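Notes follow the structure.
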Amino acid sequence: MWEFRSMMFWRAVFAEFFGTMFFVFFGMGAALRWTSGPYHVFHTALCFGFAAATFIQCIGHISGGHINPAVTFAYLVGSQMSLFRAFFYICAQLLLILLNMKKTHLGMATTVEVFLTMQLVVCVFAVTDERRNGRLGSAALSIGFSVTMAHLMGMYYTGAGMNPARSFAPAVLMRNFINHWVYWVGPMIGAAMGAILYDFMLFPRMRGLSERL
Amino acid sequence: MWEFRSMMFWRAVFAEFFGTMFFVFFGMGAALRWTSGPYHVFHTALCFGFAAATFIQCIGHISGGHINPAVTFAYLVGSQMSLFRAFFYICAQLLLILLNMKKTHLGMATTVEVFLTMQLVVCVFAVTDERRNGRLGSAALSIGFSVTMAHLMGMYYTGAGMNPARSFAPAVLMRNFINHWVYWVGPMIGAAMGAILYDFMLFPRMRGLSERL
Amino acid sequence: MWEFRSMMFWRAVFAEFFGTMFFVFFGMGAALRWTSGPYHVFHTALCFGFAAATFIQCIGHISGGHINPAVTFAYLVGSQMSLFRAFFYICAQLLLILLNMKKTHLGMATTVEVFLTMQLVVCVFAVTDERRNGRLGSAALSIGFSVTMAHLMGMYYTGAGMNPARSFAPAVLMRNFINHWVYWVGPMIGAAMGAILYDFMLFPRMRGLSERL
Amino acid sequence: MWEFRSMMFWRAVFAEFFGTMFFVFFGMGAALRWTSGPYHVFHTALCFGFAAATFIQCIGHISGGHINPAVTFAYLVGSQMSLFRAFFYICAQLLLILLNMKKTHLGMATTVEVFLTMQLVVCVFAVTDERRNGRLGSAALSIGFSVTMAHLMGMYYTGAGMNPARSFAPAVLMRNFINHWVYWVGPMIGAAMGAILYDFMLFPRMRGLSERL
């Protein structure tokens, strides 16, 4: 039970909360806008699969990347983790109900842009983190799948900007800058939130503020 | 012929049985619900490909991950394995006819949930097993493809829960808990079975029970 | 010009011939059965991409895996290869016209099964070859993409058996063994040819026949 | 501010310009030819994802591979890069408006072929560059995704030749060589430009001209 006192433990629990919430948010977000049919199955399958890949890349080195009570339970059965840790993991994974998905669906495009960019930035930071090692595979491919996943879910809501440069080009070509600020404000807030989330909370760098500046 | 006496050999034969059975189960499961047409081809192709990737990841370090009599035969021709081993591998691979697929199709959603979660847990355990090394690639991506594959096949039968957290969110939002227990009982049984299968049978850890507890 | 006398050089030229021929065979095979339309584009794109990934995995360590005169030319411009080698590579890459594709289209299912299994076996042997190192990535994923690619192309012609175990299960369930031999003879011939191609011709093992037996 | 004087810095800025321009060019190129609908979302999502994977592989070791002002901003917030560098990166990323996309749409097939082959060659050179190390993953798979991406975008404009050997086979079979030169001239110019871009500008080899010849 010594682990309750460590910062690492609580960071892992928080990472499970974050990972599961985002996994469900993106997967359900893609699934909800679809009618049934063969195409629906495929689209949802791909979105859930890429979401799992993305968020396990993001938090695998922090909490193990379960994002699933059944996987946590399996580790418990395989006696690879303590009962205490498993209990807190499962609680964190189920906390996602705090996320009232309906609100976001009716909400502003900016909110979606913030979330899309936030997951991208956390993924980029996680796969390019020189402090990690292990079975990371290709950093570029991980980021590519993160982009694909964000489009699979986000194109219904905002057209999936996530990248001001990408939204800037058509705006210039069409001379249409109405609501263009959304594609700058949303991603920039999301980027800052993602950077703070990963670099200060999930996997903080041990260095003073003076060193940072 | 010394190898018949080793535990490793029989574990490899069992792994081929398990891998081939699950490979065929998931591939055929996805194929059977489809009428012909271009989309059918694509969906089945992807499901078989991801199933091959998943189950070769799962048993590659135990048996070599053939899951195909033709591949076993090729290794024999390339004289990279003994005739005895090849014979037992091919027998194990063909044992899948024990699996009466029709039964499962008519069967309960719980059974499908058990199988979906079981393959996920074996995949997770296999790719995060610190005793392995070799050409594993990205652990996160392997798990992602395992999730995609399970959805490609399972969404027709149960909606592919596999993850109580994922099924919990819509149930809470909709205040609909009818049959919700399926998405808890199925995955939890599957998780326990997967953990026991991998951690005690396919690739057991050499440690006493006391150390486990 | 010393390299003309080495066995390695001719093996590389042969590998380019083999790789380009199979790349075009699979890509065009998938493309020809389709009418135009958005779906056509996607299917063909995926098949060409996975074919490139598969055959570059197969011959990357033998010839560099160009399978494209333009890539060979680029290496020449970057002065990373000699003019002589580039000339022979491009000749080998264009020799694929020897392959009379029309014949195969009208031909027997067995021929297609042979080719499907042959590429799978060469891919399996190449990615599990312990003599290689380098940027191989995941062996399991490479094989999975090889399976996907073979289905994307082969399902139109034979239903893409490639695996007797996979074809055995439905035959047993349906009690239908008419033409079932095709799914055993084709893959087994393909497996033997693939094993001989890789293990004796493309990247032979330096050991005596006695050691093999 | 010492970094302004280094060649490395300007090469990184140029790499960001190149990467972002090509990322937007391919993604928008695929998006523009589509009407709305579920299929549109999927096609565009995959093309953007593979484009991100490809161009991050291409320039990741030169500039970090941001290709997105939001990601650059995130690195700034995480204080992993200087304000000066971030400023120049974002300027380079937005310079893509120099690319008048409309022109290319009406333009010649040759131009598209040049661009398709150019990105392929830069990707091939980048993933097979023995001077790199890091989280590259599978070289073969990266090239495969680059081929897929080029087809997803290019098949609407030229049928996506990119490979003279691939275009040669149907031309021979059909005895149709009208406009066949496009599939030789375009890829060859693109290959030379890609080789020069990567090998002389983005990541030049430090050796004299005499050594090259």
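In this document, chain identifiers A, B, C and D correspond to the written order of the chains, with residue numbering beginning at 1 in each.
As a convention for this text, a contact is a pair of C-beta atoms (placed from the backbone, for glycine too) under 8 Å apart; a residue touches a chain by one contact, two chains touch by 3 or more.
Note that this is a predicted model, so its numbers are computed, not measured.
Student: If contact pairs are compared by residue number, which of B-D, A-C or A-B agrees with A-D in over half of them?
Tutor: A-B
Student: Do chain C and chain D face each other with the same patch, meaning over half of the contact numbers show up on both, or with different patches?
Tutor: Different, since most residue numbers here occur in only one copy.
Student: With chain centres taken as the means of their Cα atoms, state the distance from chain C to chain D in Å.
Tutor: Their C-alpha centroids are separated by 27 Å.
Student: Round to the nearest whole Å and give the separation of the Cα centres of chain B and chain D.
Tutor: 38
Student: List, in ascending order, every residue of chain B touching at least 2 other chains.
Tutor: Counting only residues that touch two or more other chains, chain B contributes 39, 46, 136-138, 141, 145.
Student: Once you've mapped the touching chain pairs, tell me: line, ring, star, complete or other?
Tutor: complete
Student: What does chain B use to touch chain D in their complex?
Tutor: Spelled out, the residues of chain B in touch with chain D are 137-138.
Student: Considering only the defined contacts, which chain C positions touch chain D in the complex?
Tutor: Within the complex, chain C touches chain D at residues 20, 23-24, 27-28, 38-39, 41-42, 44-46, 48-54, 56-57, 60, 64-65, 67-71, 73-75, 77-80, 93-94, 96-97, 99-102, 134-138, 141-142, 145.
Student: Within the complex, which stretch of chain A touches chain D?
Tutor: That would be residues 34, 39-40, 43, 46, 117, 120-121, 124-125, 127-128, 136-141, 143-149, 151-152, 155-156, 160, 162-166, 168-170, 172-173, 187-188, 190-192, 194-196, 198-199, 212-213 of chain A.
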